[in-house]
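Look at the two complexes coming up: chain A is in both, with chain B in one and chain C in the other.
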Partner chain A sequence: MNDEGIAAAPMLDAAFSWFPIASSEDLPFRHTYHTKLLGRELAVWRADDGYVNVWEDRCLHRGVRLSIGLNDGAELKCQYHGWRYASRSAGCTYIPAHPADAPARTICCTTFPVVERYGLVWSGEEPLGDVAQVALFGDEGLTLRPVPIHAPAALVAERLRSYRFRPNPTATGSSGECTVESGDERAVVVTARDGTAEMNVVFFVQPVDARTCVVRGLLVPRPVDDAVVGVLRHHNERMSTLRDEVEEAAAVMPPPPPMQPRVRAPAPVAEPTHTPADTRTAPLRVVVARKWATADGIAGFELESIGERLPAFQPGAHIDVHLPNGLVRQYSLTNGPGDVVRYRIGVKLEPDSRGGSKALHESIREGDVLAISEPRNNFPLRRDRATTILIAGGIGVTPLIAMAQALGHAQLDFRLHYFAQSPAHLAFPEVLDLLGERVVRHLGLGPTETGQRLQEILAERRPSSQVYVCGPGSMLGATRQMAAELGWPDDAVHFEYFKNTTVVDDSSAFDVELARSALHLRVPAGTTILEVLAEHGVIVASSCQQGACGTCLVSVLDGVPDHQDVYLNDAEKQRNDRMLVCVSRAKSPRLVLDV
Partner chain B sequence: MWSNSSTRPIVDSFERCTDPVALNQWHPLSAVAELRRGVTYQTLLLGEPLGYGIDDAGEPVVWPAKALHLPAGSPLPATPPAGLPTQVSYGYLWTTLGDPQPLFAIPEADEPDRRVLNAATIGIATSAPRAVENFLDMGHFPFVHAGVLGAEPHTEVVDYRVDVVDGEVWATGCRFPQPKAAPGSSASAMTDYTYRVPHPYCTILYKSCPFDESRRDVIGLFLQPMGEEAVRANMLLCVVDPISTDTEIRRFQLGIFSQDKPILENQVPRRLPLSPIAETPIRADKSAIAYRRWLSEMGLTYGVIPAADGAA
Partner chain C sequence: MIKLYDFELSVNCYKARLLMSLLDVAFELVPVDFYPGWEHKTEEFKRINPLGHIPVLDDDGFVLWDAHAILVYLATRYDTSRQWYPVDDPQLLGRTASWMLFAEGTTNTASAARLHVNLGYDFEIESVRAGAHRLFRYLDEHLWFTEREGRCWVCPGDHPTIADIALFPDVALAPEGGIDLLDYPALRRWCDRIKRLPRFVVMGGIFPASPGR
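What follows is the complex of A and B.
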């Protein structure tokens, strides 16, 4: 090996360095691996797309090690309460004890950077720069068996400098000569020459904790296949000897002080689902990586993050897309579990577009940058029912496509009934094909036939089934009414309106008192509560401003709301304890809101 | 390390407890039915090595090993020096290193047709409060006790009520669908639970009895804190079950225990953090939240990580 075997780099503090933490072959698909670095326990797992996740080894809920969790290829599931965390972002996607709630965005495991190179997986606390560069070193080496040694890393690295081996152990004759080409306490390169034969071994030392390390060796070049077993046996013997010697030396040394992994701030307490966290903000910047016609009049968009990785999302979630013309539109994510690199949305060109869908269809091109919100979920998918019936009308299929993939991945029973004009109007046909027979297409039906078909679908009610429906207002109204007549309980019928098509009556005038802000305001006819609040500097998070998305839900402490939204179900409306302030008003002269 | 009847001397490797709250409690050492009379046993309580046994007359004897060290299996001394207070309740030998209040009452244990037995005693490498919290938790049934105390996808923990009554934590109105709630259950049933925490390291549950709709089975979990992060867990059964044999009942509960043990031993940290932001509680954890607050208010420090001052 020429020059220095390892590119010269100033010795960095261990917290800023890369270390090998596993061999690539330690991470087969659907397996979870436990290791430790600098005193910190890590859960390491490979998603089905090949990405390696390196996480703090604790479930945020109750501290159970995630390394005993289940890797389902897309998410890691904690063994204790089944909490699920998405690959890459490590965000929590499902809390089974509360199936109707979307987990708060803040529930996100601590992740560490990762690089896979030379058959090894590298990570670190906050590593700077690149992993060790090994000169003349492609991916052609042979990874040696990792050797755990009960001795401090620095001592082991020092002893590795006197590691001696034969380049061709099966050949008889001279033992050759070894030289140490370079070395520090992280890595040592030893080169053995015997006549024309030359072999390098590069040792990387993983400091597990103050008293223990793992030596991970690579042989360069890779020996010919016939020689591999003999070479491995040779190094195994030499490494065992070295281990015995260094452990003996360490045993008589004073024990080093334990390493204290830096304590990371605990996750904030889970926020209730409907806490308005922020008003309409668009903190994420994404680039349109792909735009294509997925169906007649429907454009598909794949949005890729610039910089930070995309936050976790759950089936049913939507993003606000902020358009260059100042409009903000909501679109459901169609992604299935594990499909976490790009957000995928479908946009239907509305004939009476006020500029939203038109801009996306006509102006936005691949390569353009858009500002989007973090995913919000007002349409969470319960996964505690034996059967789920998904009913989609037209572009209403988008959240249901995400749900169908999640249910399929979880091996839960479902049917996706997709009502559309014609085969050419079916969005995301490639995803529908993957879902196979569980997608039932209802094409070109008129209103009467649609009603009959819905009647048939809903007639199959079983105690542990549920319905999710999304589509045009008329279809949702019909579905909800039919479901009620057929005896479906309210809490088994979930719906999302794309827009609230009921006409809002804003003719009333009334007073609102804001209990927390200590304000007393008048809401005149023609103005919404939300607008009056905003005028007085009280910002309530809102999104659709049509009474459909549920973002601006607030608690009502006194007075009788005049519900005009389509978000709350009838039972919730009758309780009069919450309201959507973007459209709903007051039946009583005065409302007291918990704002 | 876990066995009370080992002939190995117990290594005095635990720090002794200085927490008056933990010291001034009654703690269980063993099921009396499992002790041979006239024989010395050894154990640790709150880091303190103890010798103990039941004498030929059936009277319990407990003493600190620092006053008289006898190898396990030796003849039991008639009057050991510095003998500690003892009582036999619910089939267990209890002792204390301090000045405790009377032990909590379980009136059901006196009902003549109840089966009262120690279902299992097992060592767990965790703190006593972690084990109590696990016992109070319904959310883990479908995952840890799959097919027995719960089954996916039926995972929802519906709202229940938590109160502190007469200095005890009570969780009432708890309901969970269970495939096989008890050894006598044949079919899946919605099971009603009431949980009670009368002691920082002891908890009791009352659940629907499959044999008599009007009564409830009583199950107690009594932790012997050997050290801050090592317990022996004793499970008391006090049930109405005219059919199952003792062995069947024990096997069922031992099966449950063996599913909880690896989870508890993989919980980090082992001591229970009392700060409300140390972990991520959800609504289903209401009873655990109340238990942690209750421990904070009583000032317990042994087996827990106290909340920073004022944060409790």
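What follows is the complex of A and C.
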């Protein structure tokens, strides 16, 4: 590397290089910028937290350009059918045509690495190392107006070596003396001296496609503020002249072969490792970045990924946390939209803890590494209702706090009714404060008063409203019953139990036929369907394994299930077309499952 | 009540609809079967506009055609703030007139290319596209420096003018005519700013922007 120039990097294949693709000011508040690099179209947008997303410019649904999409500060929404993708992970968070379903985790746009430096946004196919190091950038520079040129990048870089400018364009009569300090196909440094004044321009060339490039210039040092616009105009004029000359030259040259953007294989999906004792897998490793007391008896945890970025999730999603003592526990993610760097959970210390919440409260510390599952969402939030009533009992607030933030961000009407013992028992008070008047706190109420309040809340039923409720079993039971009495349809009342407190009767014995696996198995008394399947190598995803979370839901093709879960509502149970194989069994001698 | 002889997919009709909406002026639409019916070329329609084109504005018996003339009339007649057509500031008014003429150019190139692609009009397509690119190149540069000077709109001053309205759909719908906006990031940002004006309305092919600050 010379003193003033560009680090002499070995010329690598363009696919492994960093290129500037935008000026920082090309990404103003909630704008979606459109560019192209090496023949590939890119949608580039800045989230409200400052993060710059560089994505393949194509919605995974119908291939419409995402660069015409809506940047809402946390997600990018396709204009065509409204699919939404989260900042950073680019995972799909919502599909309006399937409002009651959580999108599959595999629906994820192609992302490209990004670095923002010297007032420029850099990206590349699979860039290695760092962006160009420019020693003279000890000083702050000034980004020039980028100039698109319809000529191949190599030709433009060559012509840039003859770029001439005046270090101080306001001084009349001086032409200045220019020298090319260094330059190759990617960057050219031109220095102009006029007496004692010295000014450097560093040009980077963005290869748009085989026939087009964008010249992105940086002026170092930055001129005084009064002179900025004049200097910018001077360079724009000189660069435009250069552009016209190069374009004229390129027009008579034989056209170069087009660049074909490489088809990228989808990112590999982690293969679950089969552990016979427990079929639940924990492919993600996270470090406890922060642990704090968010309320009396409730610890907050912020979990940060080690290595790959964390997968996208939707409000209502939970993760399995695999604890060092071998226990597996489910916790809802409380994050709002756009808050995607760390997973945030709240854990209540259960007085009768069997070791799960106790371990998290007492043993796990900041810096510890935990194994967790990918987020799963069996409690998805519909965003197609005029009003949403969220009812939380105690620690049941965790999934609802994520929903409240999502609804608030989308400017959809909601109320969060939070029942707790006292102000000191309110978890995540800082988030509640941000939600303002839409949070209604019901503190220190006995069972009768709670019932009365629930009655009042549920009495406000309008045709396009929906209820989400999460809390202790008794509260859920009461709420569901009241809702039914007040005429709420089953499909407008969504609930999530922490645990299944019904006593599971596993005395029956029956046969299961697996239609897709072509297996015929016997389920003896005392063993679950899930366990029998696992013994025969058929792994059904599961999480709580007690009939509460809904992960192991499978379709029933024939036979009558003996439902013993608290996940399905009564109407769903009566249809007998789906069941949770972790606890439910058979009333008929035989079940045919779509597995 | 103002009547506008209108075709939904016409950029020129949209210019009038957009300004009336921004000015919060009530109007009713008289749909003209421009395509495929060529109703504007019928003898009946020529009794309204002998030149046989749309939009035509009928404000209580005062009949006016040509989109840009309609913009001048509407802004002068209905904009009480006198900012959309700044008649009180001779220099600003001169600039506005100059950019209105520029917009005739974008209509005759970018929007002509769109008519060629969408409705099969017979234009020298490569020539109108090249013409649109020449104008957009200049407009993008102009708007880039406008932003550097802390302003948002085509004309100097801190309020948009009818020149912005006259240019906007020609730019926003240019991709339909095969004119990519990839080289014009400042134009795309200016489109967002227009879309964020209160009472902005869309038309087929022009999408809304997310709310700004």
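Definition applied: the second predicted complex is superposed on the first by the 571 of 595 C-alpha atoms of A that agree within 3 Å, B and C clash if a C-alpha of one lies under 4 Å from a C-alpha of the other, contacts with A are read in each partner's own complex, and residues count from 1 in each chain.
Everything below uses one rule, namely that contacts are C-beta pairs under 8 Å (C-beta built on N, C-alpha and C of every residue); 3 or more make two chains touch, one makes a residue touch a chain.
None of the values given here were measured: they were computed from a predicted structure.
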item	value
Touching partner for A:Arg62 - first (chain B), second (chain C), both, neither	first
Chain B versus chain C as contact partner of A:Ala386, first or second or both or neither	first
Touching partner for A:Gly129 - first (chain B), second (chain C), both, neither	neither
Partner chain in contact with A:Asn71 - chain B first, chain C second, else both or neither	second
A:Pro423 touches, of chain B and chain C: first, second, both or neither?	neither
Touching partner for A:Pro324 - first (chain B), second (chain C), both, neither	neither
Partner chain in contact with A:Pro489 - chain B first, chain C second, else both or neither	neither
First (chain B), second (chain C), both or neither touched by A:Gln79	both
Those residues of chain A which chain B touches in one complex and chain C touches in the other	68, 79
Contacting residues of chain A [partner chain C, same complex]	22, 25-26, 28-31, 33-36, 68, 70-73, 77, 79, 145-146, 148, 208, 212, 228-229, 232-233, 236, 240
Residues on chain B engaged by chain A in the complex (per definition of touch)	133, 139-140, 142-144, 152-157, 262-263, 266-269, 273, 276-284
Touching residues (chain side chain C, partner chain A) in the complex	141, 144-145, 147-149, 181-183, 185, 188-189, 192, 207-213
Chain B partner contacts - residues on chain A that touch it in the complex	41, 57-58, 60-65, 68, 79-82, 95-100, 107, 266-270, 383-386, 410, 412
